[in-house]
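Got some structures for you, see below.
The following pair of complexes shares a single chain, chain A, combined with chain B in the former and chain C in the latter.
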Partner chain A sequence: MPLASAVRLEATGCVTPLGNAPSTHAALLRNEVALRPAPVLGADGGEPVPMALVAGRSFDETAPPNWLPPLQSLQAELAGEGWGTARRPVFVTSSNFGVGSLYAYRRHGDAAHLAYGTPSTCVDWLAGQLGWGANVTTLSHACVSAHLGLLLATRVLQAGFADRALVFSFDFISPFVAGGFHALKILNSGFPSPYAERASGSIGLGDGAAYAVLSVDRGDFVLEAQSLYNEMHHFTSNRADGAGFAACLAPLSAAARGRRLWLKGHGTGTLEAGRLESTALCTAFPDTPLVGWKGSLGHTLGSCGLVELALACEAMRQGRAPGTVGGASPSFQANVALDPLSLEQTDGVVCASNAFGGAHAAFLLAHA
Partner chain B sequence: MPDPLNTRLKHLIVTTLKLEDVTPAELADDEPLIGSGLNLDSIDALELVVTLEKEFGIKIGSSEESRQALASIAHLAEFIRARADPARLPA
Partner chain C sequence: MLERYLQAVSVNDVGLEDPAGTRERLKERFPRGATRRMTQLGMLIGVALDDLCPRNDDTVVYASAYAETRALEGYLDSFPSASPTLFQTSIHPSAVQQALIGRQLPIGEFFPLTGRAHLVAHAFQAALLAPAPRVLLCGGEERGTWLLEQRVASERTFAFALALGLEPAGALARVSLQSVANDVPAGALGLPEFCDALRSRQTLDIVAAPGLRLCLVWV
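Up next, the complex of A and B:
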């Protein structure tokens, strides 16, 4: 997909198991790990696997969903009103929406869960709860969902169809979602160690939600370039030669020429994808430090691109980026940074996410 | 005489994955299962691992362990023998 041209970020924010963006950024700088072992199927038990929940939320589904309060807190941070009206569209992205509710209905037979179980019913309900109008677009493309929302919002703004656009993303884990990753054996009893060269890989799963307000000309940060690429290779795996990762990064590499960058990778903790991703990033951006934060926060799935965008903005405001929390030596690549980075000598970051189906996404973020 | 566990595994592979163009007898003990040979993918592996865990009461801990176990039918049999209750193995 061709690069989109620049658009500003007027505001960003997120909620993670470590709090809002400033709290999460500070905790990551202290190398805090939010993941804790918990039974993969919640009240139904199962193997303890690393998971991280937003404070006060239970893992098992409730009706209405117990993830509404953190989303309401996030919404309260948003400046201005009128989201979802003609000139202020909302792009809601998630990989799961309320899919866990379908599993809850199957287990318990409570029809109240059905109101949240599909993307459309879930977002309709959420829009009502958060006071949005009808101009709400729902998008889902696995773990690059948030990037897709950013790109479409950018295009709407550049076409002159909106004054500002809200990209809003959320994924709250549930027994259904955790059970799926556990069946694939990529969620297991091990804790994630992104980009570490070791015998067995593992991801963790985490709650995450975030927003970004995009505008053509307002804001301290700018999305200089965005790239999406889909290998169309397989349901779960990538091409073994890493060509899909490289194809996504190539246009960003050109756009970033002359900049002094740092890299925020996807880095879930799986071995094959971690090796391919870090190799592609370090080939496209040699001698550039690479960090990933899912070793603490877990994989926040479709929302990860937006959660990590908010954290990258916070890092650039503070001048320090958290290192690869949970990482270990040896890493797949020498430029994987385990310790926090000073950003004084940098002027931009490339943030990348990757998804099932060989979907790859990345953007170049800089100070405006 | 064929190894009864290998024979059982070949039958499970064909039936679990609904293979239509191969019979259990046509599968060789050293036939690669992933990447070449039968060329199973990760979704096939998921289905097969779930079946094997139920059938033999074993646990496969990670995707890497799964990939190693599924290297071939002979590897798989060796993996299961090392972990399963002998009472659950075919006589």
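Up next, the complex of A and C:
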């Protein structure tokens, strides 16, 4: 696949259960775990599973959705006006949008929830709340959604269709999504330990939202290369030979030649995917430290690529990257870093995400 | 201006046909027993893509406002014992994954989009910006049941797929996308209207999203 040309990051930000990007970065450096056990179906009960919500938000759906305030706080960080107009398009990415509202409607019959239940009604409402115009492209590809927004925004800019582009991503957990992952048995009472060699795997789920403002020529960071690959092998598992992971990373490996990198992996805490991912990363980028942050934040689903991009930028500004919080020895690969990393000797990071259907996405981020 | 040529098109507009009818009608197009696990939209998208002989160097762009409505309805009804199968099947972009996983066909780039009024324009933008020699742009909806009663699902069932190449030879139509000023009012072009335009070979020339003029001219 041809690589997209480089594009600058004019601004990034995120909100997680540990706060904004600087607060989250600092908490991760202290090895804080945001995940807490909570009933999988919220007020309807169920097994306690590890979940992490942004401050002040309840798990059960409300109408209007109680996740609007954190998105408004993110929007307030954005400089400039005119988002959603012809030359300043918005690319919204999510896996769930407001679908938790449909669960609330079906369980409790309150028709007020229906106004937020489909991606289009949810995004139209959100655009109105955040003051955007109608030029909003909406992408949804489970946990690689944010990467698609970055790549499409990059191309729109480079083709001259926009002056600046806003990629905005969010996923707030609900009984709808927690119930689904619990039914798949990968969300259970165990806490995630990314890349750890242990008897059983588990994930946590977390709220997350983030933004990135892309520009052709402004910003301190640059997305030097982006890559996608879709195995189309199985809905919920990967090819056993790891070929899908390797195919996505191969173009980035070539683009990063000569750089001194660190790696931010997907690392949800599942065993087979963690083994395959860490092996592929270690093979493509030998002797390069690998970290993952979902052992603290939980899996923030469709927003994870953008949340972790904002945190990677913060780490590069501060010169220190959090380690694999929640990880443990032995790890699948020796390059898995459990402790924080000094980034003084590095000049770039490869960030990777994966999704259902064997979808893989990754990018190479560097100082401009 | 971005431009590609429409080399092949497949439209499957089944209106009010129920999933069982679609399954019976299309079962010969899939491996034995496969349709039991597929959604109605998955079957229709699968046939539309199959008509275009997808290759692993194609980029695929997929557009759907509501996607797997029946699976979503079933999943919501399965609580408190949530169905893992319906959960995974209800997740966008399951229809294309059903089709391509069935063929074991890996692809590089896959852009699943959703939305309403400007979905077609933005899907074409994703397609025409892709560097692949051929882009398959597909889309569709399936008719809902109790979600439709609440007006949060599609009223009709349809799917289409287009093969968009770089060469004009043998083309059925030319597709272009041009940047226009923000003060040019944008109209709405949703998937059902676009499907109708494809079926009737209707020429399109519309500012179909803010700043984006979409032209489809049949040869």
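Worth pointing out:
In this text, the second predicted complex is superposed on the first by the 367 of 368 C-alpha atoms of A that agree within 3 Å, B and C clash if a C-alpha of one lies under 4 Å from a C-alpha of the other, contacts with A are read in each partner's own complex, and residues count from 1 in each chain.
Everything below uses one rule, namely that a contact is a pair of C-beta atoms (placed from the backbone, for glycine too) under 8 Å apart; a residue touches a chain by one contact, two chains touch by 3 or more.
Everything quoted here is computed from the prediction, not taken from an experiment.
Once the two complexes are overlaid through chain A, chain B and chain C fit side by side, free of any clash as defined at the top of the document. With both structures placed on the common chain, the touch criterion links A:A199 to chain B but leaves chain C unconnected. Angle at chain A (Cα centre) between the Cα centres of chain B and chain C in the superposed arrangement: 70°, in steps of 10.
Legend: residue contacts after superposition of the two complexes on their common chain; A:N188 is shown touching chain B, with no touch to chain C.
Of the two partners, chain B and chain C, it is C that touches more residues of chain A.
In the superposed model, A:T138 lies in contact with chain C only, and not with chain B. By the touch criterion defined above, A:T236 lies against chain B and chain C together after alignment on the C-alpha atoms of chain A. In the superposition on chain A, A:L271 makes contact with chain B only, not with chain C. Superposition on chain A leaves chain B and chain C with their closest Cα atoms 5 Å from each other. Counting contacts as defined above, chain A residues 183-185, 234-236 meet chain B in one complex and chain C in the other. The touching residues of chain B, when paired with chain A in their complex, are 41-43, 46, 49-50, 60-66. Taken together, the chain A residues at the contact with chain B in this complex read 183-186, 188-190, 199-202, 234-237, 270-271. Every residue of chain A that touches chain C in the complex is listed here, in rising order: 1-2, 41, 44, 46, 84-87, 89, 95, 99, 102-103, 105-107, 111, 114, 117-121, 123-124, 133-142, 148, 151-152, 155-156, 159-161, 175-176, 179-185, 228-236, 244, 247, 356-359.
Those residues of chain C that touch chain A in the shared complex are 2, 65-66, 72, 75-77, 79-84, 87-89, 91-94, 97, 100-101, 103-119, 122, 125-126, 129-132, 147, 150-152, 179-182, 186, 209-212.
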